[in-house]
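Here it is, the structure in full.
Per-chain numbering from 1; labels A, B, C, D and E assigned in written order.
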Amino acid sequence: MLLKKNIPFGYVLGKVKFELLIILVYSATIAVIHQWFLKLPISIPLAVPTILGTVISLLLGFRSNQAYDRWWEARQVWGAIVNDSRTLARQVLAFTESQFEEDEVHQLRQRMVRRQIAWCYALGQSLRRLNPASGLDKYLSRRDLESLSRFNNVPMALLDQQARDLRRGLEEGFINRYQQIEMDRTLTRLCDAMGKCERIKNTVFPSTYSLYIHFSLLLFICMLPFGVIDYFGFLEVPLVVAISACFLLIEKMAIHLQDPFENKPTDTPMTAIAGTIERDLRQMLHDQDMVEEKRPESFYYIL
Amino acid sequence: MLLKKNIPFGYVLGKVKFELLIILVYSATIAVIHQWFLKLPISIPLAVPTILGTVISLLLGFRSNQAYDRWWEARQVWGAIVNDSRTLARQVLAFTESQFEEDEVHQLRQRMVRRQIAWCYALGQSLRRLNPASGLDKYLSRRDLESLSRFNNVPMALLDQQARDLRRGLEEGFINRYQQIEMDRTLTRLCDAMGKCERIKNTVFPSTYSLYIHFSLLLFICMLPFGVIDYFGFLEVPLVVAISACFLLIEKMAIHLQDPFENKPTDTPMTAIAGTIERDLRQMLHDQDMVEEKRPESFYYIL
Amino acid sequence: MLLKKNIPFGYVLGKVKFELLIILVYSATIAVIHQWFLKLPISIPLAVPTILGTVISLLLGFRSNQAYDRWWEARQVWGAIVNDSRTLARQVLAFTESQFEEDEVHQLRQRMVRRQIAWCYALGQSLRRLNPASGLDKYLSRRDLESLSRFNNVPMALLDQQARDLRRGLEEGFINRYQQIEMDRTLTRLCDAMGKCERIKNTVFPSTYSLYIHFSLLLFICMLPFGVIDYFGFLEVPLVVAISACFLLIEKMAIHLQDPFENKPTDTPMTAIAGTIERDLRQMLHDQDMVEEKRPESFYYIL
Amino acid sequence: MLLKKNIPFGYVLGKVKFELLIILVYSATIAVIHQWFLKLPISIPLAVPTILGTVISLLLGFRSNQAYDRWWEARQVWGAIVNDSRTLARQVLAFTESQFEEDEVHQLRQRMVRRQIAWCYALGQSLRRLNPASGLDKYLSRRDLESLSRFNNVPMALLDQQARDLRRGLEEGFINRYQQIEMDRTLTRLCDAMGKCERIKNTVFPSTYSLYIHFSLLLFICMLPFGVIDYFGFLEVPLVVAISACFLLIEKMAIHLQDPFENKPTDTPMTAIAGTIERDLRQMLHDQDMVEEKRPESFYYIL
Amino acid sequence: MLLKKNIPFGYVLGKVKFELLIILVYSATIAVIHQWFLKLPISIPLAVPTILGTVISLLLGFRSNQAYDRWWEARQVWGAIVNDSRTLARQVLAFTESQFEEDEVHQLRQRMVRRQIAWCYALGQSLRRLNPASGLDKYLSRRDLESLSRFNNVPMALLDQQARDLRRGLEEGFINRYQQIEMDRTLTRLCDAMGKCERIKNTVFPSTYSLYIHFSLLLFICMLPFGVIDYFGFLEVPLVVAISACFLLIEKMAIHLQDPFENKPTDTPMTAIAGTIERDLRQMLHDQDMVEEKRPESFYYIL
């Protein structure tokens, strides 16, 4: 989302180099047998791979669309997290009555805004199946941090703490009843965003579709040399490899896009987004110990 | 949604093995007649099955899209159920005034959160046309359970009970008027989710479309041997079977995806999702008799 | 939505039997002339109908998508009506203060819930261009029923009566000001659902598109015999009829789907849905004179 | 939206008759030269126009989809305007306290409902680039009408007047604070609908896409005669004209659909919709001087 | 969005002239070698580029769709900004109690409306990576302007200032508690719109997809001459160039559409939209020093 560095071409090609090697050997073998040993009567009309090619194009198009939609939805959800984090911070700062501009209100503000930052990091880490609570001690009080250990779902527990602080704010009179409801709604939207991320993470693309597409693709590639051997001779080998690479890369691409939270170099740059949120929220809070801006993680490429 | 185990390939192939057997016999018969008995002048130009192949590809693409959309909507709805269950629990816990941290409030909280868990199980079971009230005695009071028997639609009755408890909470002064409205909205969203599941369950995919697609597919498969017999001879048999399998599997796949609540091994893992909701809500509630985590049902595959 | 009975195949085929008869005669005439009288030099390269076939496939795909979207939106709207009817009933029952559990409140509840049932039937009938007020006397008071006669749009008038009852409830103190607003929002959503149904009903699919698709289809069917006559001889006749049937049925199917409120056997089963709503709402209301469950209308097929 | 009369076929064909004439002359010239003067060696393999035909089909499909989406969104927005107009009227009538059923409240109600009718007409006229204020004197007071002259955007000014009347209603005690907010939300939705219409009106479809599609189409049509001249001779002329008409009509159709507010016979029937809104709102208001129902404008066809 | 002037054709063609030159030389070389020096046995069956052509069409269609969606979403977001700016101004003017029609309220109104204008300009400039604060001194007080310098994200800081003014208004009694919440919601929507723009700006289209499409396109163009050289001879050169131009322009078009905030002549006309907002809001405010209407920037074309 924030990283414009391209993926080196080698990285991409590396993903299919094993398959391409096998295809190279396979098509070369056919060419050698056909040219040197015996003119096999094996050439088939090009129309047969053409039918298969059309079907596969449609299937790959269908799959690319679904994979892109998952990837784009993941970005949208994290975009919504950015928005709602800012909204929550704005509400925390602007709703709490200014006549109470004393220590207790100040602490409530700071606690809630920092907890929101912590929530963003915790969500990113838990989606990548890392320890969600690691590194949160900078943002949370010791007591909050300890109570997290009881929960499997750390971000949910943080939202729960936010809601408890809201009740405390209402009871102390820092916010009024309408403001509590309105900020609870912001928490509800954050809860929805969290649930959407989990849904995308936990719902696998129907694996049988993947299987069929892969199976059809193999059938197509196996037939291709027989369809063009009569016209090209040895030139058939690079042609088959190039066309296969073209299809395989699209398939591989879709596989990458469809799982946007897999802790791979190509997933959603959640740490970088959380860093931006931290910067913005700290500036809103006039936070003294302003951290130096986080470098976006260099390990992750942007897809 | 939570189950990553693949469907064994055999299970998938099993779905079309009967059709494939017939096609095997059919195409073998044609090959035998053509090769051994008489060179029939029956070969037809490949362009004819090609036209049909294009049409069928488009139709299957259309159908796959609609089926995937239904399946994905089902997942989205259950994702929303997870979110709103958590939101309801958070609101129940954080809205009820803490100065009333006495027994009566505690009971209200426990009753409402447990009823929400019951609602999730009841919805899953009623969508699978099982007895919706079975197993709910762990979560509901005897009185609530009895009053359910009067209703055809059990989850709706549970929402109704939640709303009555909210009114009781307002009358007792545990929650204020804004909080009642806000929690009623969460109930409204749960009611919407329930209605969406019922809509997907009860709306069949236009059966005439299915019929046309199947009919066109049969026409295409019947023609295919005549289009390739001249080029392949006996090799025609595996080719026709492979291409037919390719199309038939896609059709079968769409049929599976389009009915995501049918109590088949491949449907939405509603029991597992409800189990996750139960775990999260119980942790929020500090529930002592924390159940051991439910094993996700082993009978269901994830699609 | 609730009716799983398939449309008999004959009903479907009946829709295109006239067209197919003409095509049969047309293609048979060509075959007869070509085979018996003179070998006409009229055969054309198959590529020409192939180009047309691709175009038509895309157009039919476009049209099927739009028609399906209309049909699916109609179902979604009626699904939303189910949800909002239940929500309104839940709110009517749970918002009215229980200390007023006396006769007047009871009457208000009963009046509003029954009027909601009446609204569902009235909307269904007015979308089918039947008399919207017929059969509503079971649900409405005589006074309400009379005041409807002044309105062209009966369902809108019913919503208006609901809103007036809400004001009365507020003035009598049965509900508070927040509850009035919240229930008015439910009315707003019902008003939106009604407007969406009217939009789908009143917006015709661009008729020029239909015309072009039909025109291209005719061109394609007229050319088809000339493209295959050389290869098939008399076998051309069943082939042309089969392929034409395939295309014509898809076109006819789209025409049916795109108008989901036309009082045809294949439209949205609104009466059955309203019957389900009636059952659920009456059970919530503990309605003594519980009607026997309405049989879904046998005249309508489910598409 | 409300007009079912079809566009006469001549009107449609008239849109492309100039292009078709040129194509007729062009293809006839080629046929004449080829047949009478010299057998040109200019015939090209049909595969070349086939490739182009596929590309153009996809581009036209893309364009048709986008154009249809714009057209359908325009209808949806006007559907939402119908809904929100009814909602506003319902709220105006049901929120104002009935104990104030005196003259002042009555005037407020009448003023606001009539202004809403005026707003619908004004929006339709301003989208068609007509004078938005013409004909509004029937619905607005002289003072309101005069204050409009200061604004470029008349519908926005009317919404502003509605909001001012709401404040007046609050200050006079006719409505309470929650009702003011709720009705302001209805105004916000009307403001959104207005902005969406302006967006569709002011955002042109990317003109370079249109250019490319037109350019590819010309290339395709220019090649077509050379691809089929060998097979058809003089029959090539009607064939090329028919296929060209088929493509050109689709392009023309998309051009019409994509601009739904252009004061052409085929645009959104905004005046008719506003007429329906007027009828419904006047009936809700018990308006004595009920106007005879407006005839839908006969100048506009429904697309 | 507001600029209807077409992009000159030369500008468009200029984008691909370099590529077309190379293709011209390449195809001419092949033609020369083939015709004059030696009849190379290099012609390949047209079916091979046809398969590739189909794949590329689908990929370009996929890409065009995604690019168009990004472009259209950008327009929608700016449309929403127009709506919410008007809504905010309407609320500022209509919510503040008229009995306070004194200087202080007047100043609050003016400050908030002008700050909203400033926000629109600042967002546009920050999306184009220009100095977001330049030119805002016309709309903001000196103190507001200074406090912006502390923030990286200027529009976010402006929203923060709006929220603080709302609190001040509540504390002074100019607005009530419900109105504060309602106007805060408008700020939340503006915050969402801002976040959506940033998401579109910062999320690059998956670069590997672009790479594959470009790679497949090159393969296709390289093969094309060999597929048609036998039929066309020297006429092959213009044909290859024309078909290549057709594909390349579509690819280029998609690249332009997919980045709608890049300060190129073809991006979203944000300054013009902000100018319209300024005009409307100033008219609502009865702003004396009404600026002459901003000329839309002549540098930007509308796409």
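Just so it is clear, a residue touches a chain if its C-beta (ideal position, glycine included) is under 8 Å from a C-beta of that chain, and two chains touch if they have at least 3 such contacts.
Note that the coordinates shown come from a computational prediction; the quantities given were computed from them, not determined experimentally.
A.B. asks: How many steps does it take, at the fewest, to get from subunit C to subunit E if each step moves to a chain that touches the one before?
C.D. replies: The least step count works out to 2.
A.B. asks: Mind checking the centre-to-centre distance between subunit A and subunit C? Centres are C-alpha means, answer in whole Å.
C.D. replies: Here subunit A and subunit C have centroids separated by 39 Å.
A.B. asks: Measuring from the mean C-alpha position of subunit D to the mean C-alpha position of subunit E, what distance in angstrom results?
C.D. replies: 24
A.B. asks: Two or more other chains in contact with one residue: find those residues in subunit B.
C.D. replies: Residues 47, 50, 54, 58, 61, 178 of subunit B touch two or more partner chains.
A.B. asks: Around the ring, starting with subunit A and passing to subunit B, what order do all the chains come in?
C.D. replies: Moving from subunit A on to subunit B and continuing, the chains are A, B, C, D, E.
A.B. asks: Would you mind writing out the residues of subunit A in touch with subunit E in their complex?
C.D. replies: Residue positions touching the partner: 1-2, 4, 6-7, 9, 12, 46-47, 49-50, 53-54, 57-58, 60-61, 64-65, 68, 71, 75-76, 79-80, 82-83, 86-87, 90-91, 93-95, 97-99, 176, 178-179, 182, 186, 228, 231-232, 239, 242-243, 246-247, 249-250, 253, 256-257, 279-280, 283-284, 302-303.
A.B. asks: Enumerate the contact residues on subunit C facing subunit D in the complex.
C.D. replies: 44-45, 47-48, 50-52, 54-55, 58-59, 61-62, 66, 150-153, 156-157, 159-160, 163-164, 166-168, 171, 177-178, 180-181, 184-185, 187-188, 191-192, 194-196, 198-199, 202-204, 206-209, 211-212, 215-216, 219
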